[in-house]
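Contents: one structure, followed by commentary.
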Amino acid sequence: MITEPAELPGLAAASSLTLLRQRKPLVHCMTNDVVQAFTANALLAVGAAPAMVIEPREAVQFAAMADALLVNIGTLTAPRAEAMMAAITSANQAGTPWVLDPVAVGALTFRTEFARGILTLKPAAIRANASEILALAGQPALGRGVDSADDSRYALPFARQLAADYGTLVAVTGRVDFITDGDRVWSVTDGDAMMTRVTGTGCALSAVAAAFCALPGDRLQHLAAACRIMARAGRLTARDAAGPGSFAVGFLDRLYGLQEEDIQ
Amino acid sequence: MITEPAELPGLAAASSLTLLRQRKPLVHCMTNDVVQAFTANALLAVGAAPAMVIEPREAVQFAAMADALLVNIGTLTAPRAEAMMAAITSANQAGTPWVLDPVAVGALTFRTEFARGILTLKPAAIRANASEILALAGQPALGRGVDSADDSRYALPFARQLAADYGTLVAVTGRVDFITDGDRVWSVTDGDAMMTRVTGTGCALSAVAAAFCALPGDRLQHLAAACRIMARAGRLTARDAAGPGSFAVGFLDRLYGLQEEDIQ
Amino acid sequence: MITEPAELPGLAAASSLTLLRQRKPLVHCMTNDVVQAFTANALLAVGAAPAMVIEPREAVQFAAMADALLVNIGTLTAPRAEAMMAAITSANQAGTPWVLDPVAVGALTFRTEFARGILTLKPAAIRANASEILALAGQPALGRGVDSADDSRYALPFARQLAADYGTLVAVTGRVDFITDGDRVWSVTDGDAMMTRVTGTGCALSAVAAAFCALPGDRLQHLAAACRIMARAGRLTARDAAGPGSFAVGFLDRLYGLQEEDIQ
């Protein structure tokens, strides 16, 4: 029996945000070269703490100290892949939840094999667009690059299957986001197309998702809350933005100032 | 017989921009560590699609799939140089046009030798300041670092010679930009000195130039259009900018919102 | 006999800034992956010139040509550590002053050993928060990550000792900054908590400090001036900033437009 998607209540998202701001989780980010600053600034704005640590021996040490680990393969290299493997192993030993962002998986062989390999290492969650979910699930995909050509609704059954097969949570994001543990599904209908004109909004969401995965309580709800908070901040910001430059600036301001009543 | 420089007509630039927005070329960026986000955001704002791929085996694969390849040597390392060589070879086999931005060539031996080496691998275009053009041409240069100490007009004959010798196009940019195939020369007199106070405006222009080189039709005109569009966006933005912080933000907004009538 | 901390006079800071803008020092930045663009933009805004050069053989060459060298270990890797060692050696031979930013030293073994090792290579100055100063001094520290859990006043005696032991200057920054050569101490009471919500403000200060260390005259005063100028720009910007996004933008505008009378 499969549960139908239900819209995440604003109250639940607001409560997750309050908890995040109390706990200020420290997120160990192993992410791509393009989005480092935006990711760190998004984490700081929402109320978490970022730290980028990539030397293998340090990544091993830090993954055991941090509250969550982000693994984003956007500019994967062979040395970075080794450092990520070491960090994931350390995170798993220490009980640090880790989140996978399988950027542009499918089109490129090296990262696709790497992403499929680490899927088996018990990520707490996967945050991806529809194309990437299809690729992880071994389905034929349409897209090239990072923009999702497929719709998240089409990808949802595969997201559920991935979640069930690997004992993880999956957030498949797009015009509508679906967040599932394989059984339950939350949906988030918010956001704005302007988010696709700023590099790193998806990557920043994955980092924020990692921060929310560090919270005690219902992790599926927290993960959906991360999606809702970022989408809501995006929609509220887009109203007044003259273009993608001022959108990116306003988005960080909005994340920082977001109140419970803005989310509900 | 040598053609005198002629100002690129606004109508031509506008028509190239319209074509770019229809085609949305995917640009494989191999660029320096400083300008990754600004480059990606400039490409998104103007209507192209960026993807940064640097692992050698992925760069080989992706250079054959992308619509254009950018090679920017600003923070060149030995491993990155190898990956760039592999990507250029793959791009040439696949017919993907590639653009060289020889950042700070001349003063530093490693990158100078690398840049001179890849010059022979048939770049579609070179985008550089006057000092860099002089260095590529084996002329004594005055500058150190990335700012152009020589005037683009002084460098123009050497730019023409480079274009003729290597069968490429050269855009030498500065207070006035010249864009040449060795015979014809377009000039662009626009822009604003504030662009020199924001890191990455030249690097972003090279990425945008790569996107324009992917368009069908007169490549020299498209390359000059890239220069004109970026310069015009810069001049329009500088009017209202309080400083380099708001200039960088407004520049992306302006690129995104640029209309045909703004360019003419 | 130990001098009590005295607030740096605004007139002294203003005079250092004027000198910096005349000299436009070129700063060779070897810094972390997260703050590259913000660091370059802060240097450009204040009136200096940045260049990021990291390939070992180029770093050796460039450290001898630049006016100052910045060594920031935020995302240290083994290859980067080797390149930094080579650059420091070259800087010392050429008489180029170099500044150490020991990001997150203490918690992570690899960078801690590296930072302690290069301490003996005669940095012109160290810019760090209180936790990092305690770690360099071999004291037990409270913090994890980059935020300072200890107060700069508590760290001041250790900063003085470090300065005396290694013949260097130390700027320990926080709610109050102290700048010491082991004997004299300047203090700077300015700045704003919003600076802790934007990634890279501390790293950018270290880069600006390197630029000021390139000036002729009283280096302790110049280093304190760097702290005061950044803190003052931060406080003036925070008045009008809606959040960390607009703060980062406004901060660059403010640095660029800062007048002598703003500092006094």
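In this document, chain identifiers A, B and C correspond to the written order of the chains, with residue numbering beginning at 1 in each.
The rule is simple: a contact is a pair of C-beta atoms (placed from the backbone, for glycine too) under 8 Å apart; a residue touches a chain by one contact, two chains touch by 3 or more.
Source: prediction; values computed, not measured.
*Asks:* Between chain A and chain C, two touching copies, which fits better, same or different residues at the interface, with half of the numbers shared as the threshold?
*Replies:* different
*Asks:* I'd like the angle of the rotation relating chain A and chain B after CA superposition, in degrees, nearest 5.
*Replies:* Answer in degrees: 120, to the nearest 5.
*Asks:* Can you compute the centre-to-centre distance for chain A and chain C, using the mean CA position of each chain? Integer Å is fine.
*Replies:* From the centre of chain A to the centre of chain C is 33 Å.
*Asks:* For chain A, give me the residues that contact two or more of the other chains.
*Replies:* Where chain A meets two or more other chains at a single residue, that happens at 33, 36-37, 248-249.
*Asks:* What part of chain B is in contact with chain C in the complex they form?
*Replies:* Residues 32-38, 74-78, 104, 107-111, 144-147, 196-200, 241-246, 248-249.
*Asks:* Considering the complex alone, what residue numbers of chain C touch chain B?
*Replies:* Checking each residue of chain C against chain B gives 26, 33, 36-37, 40-41, 44-45, 49-55, 57-58, 61-62, 65, 248-257.
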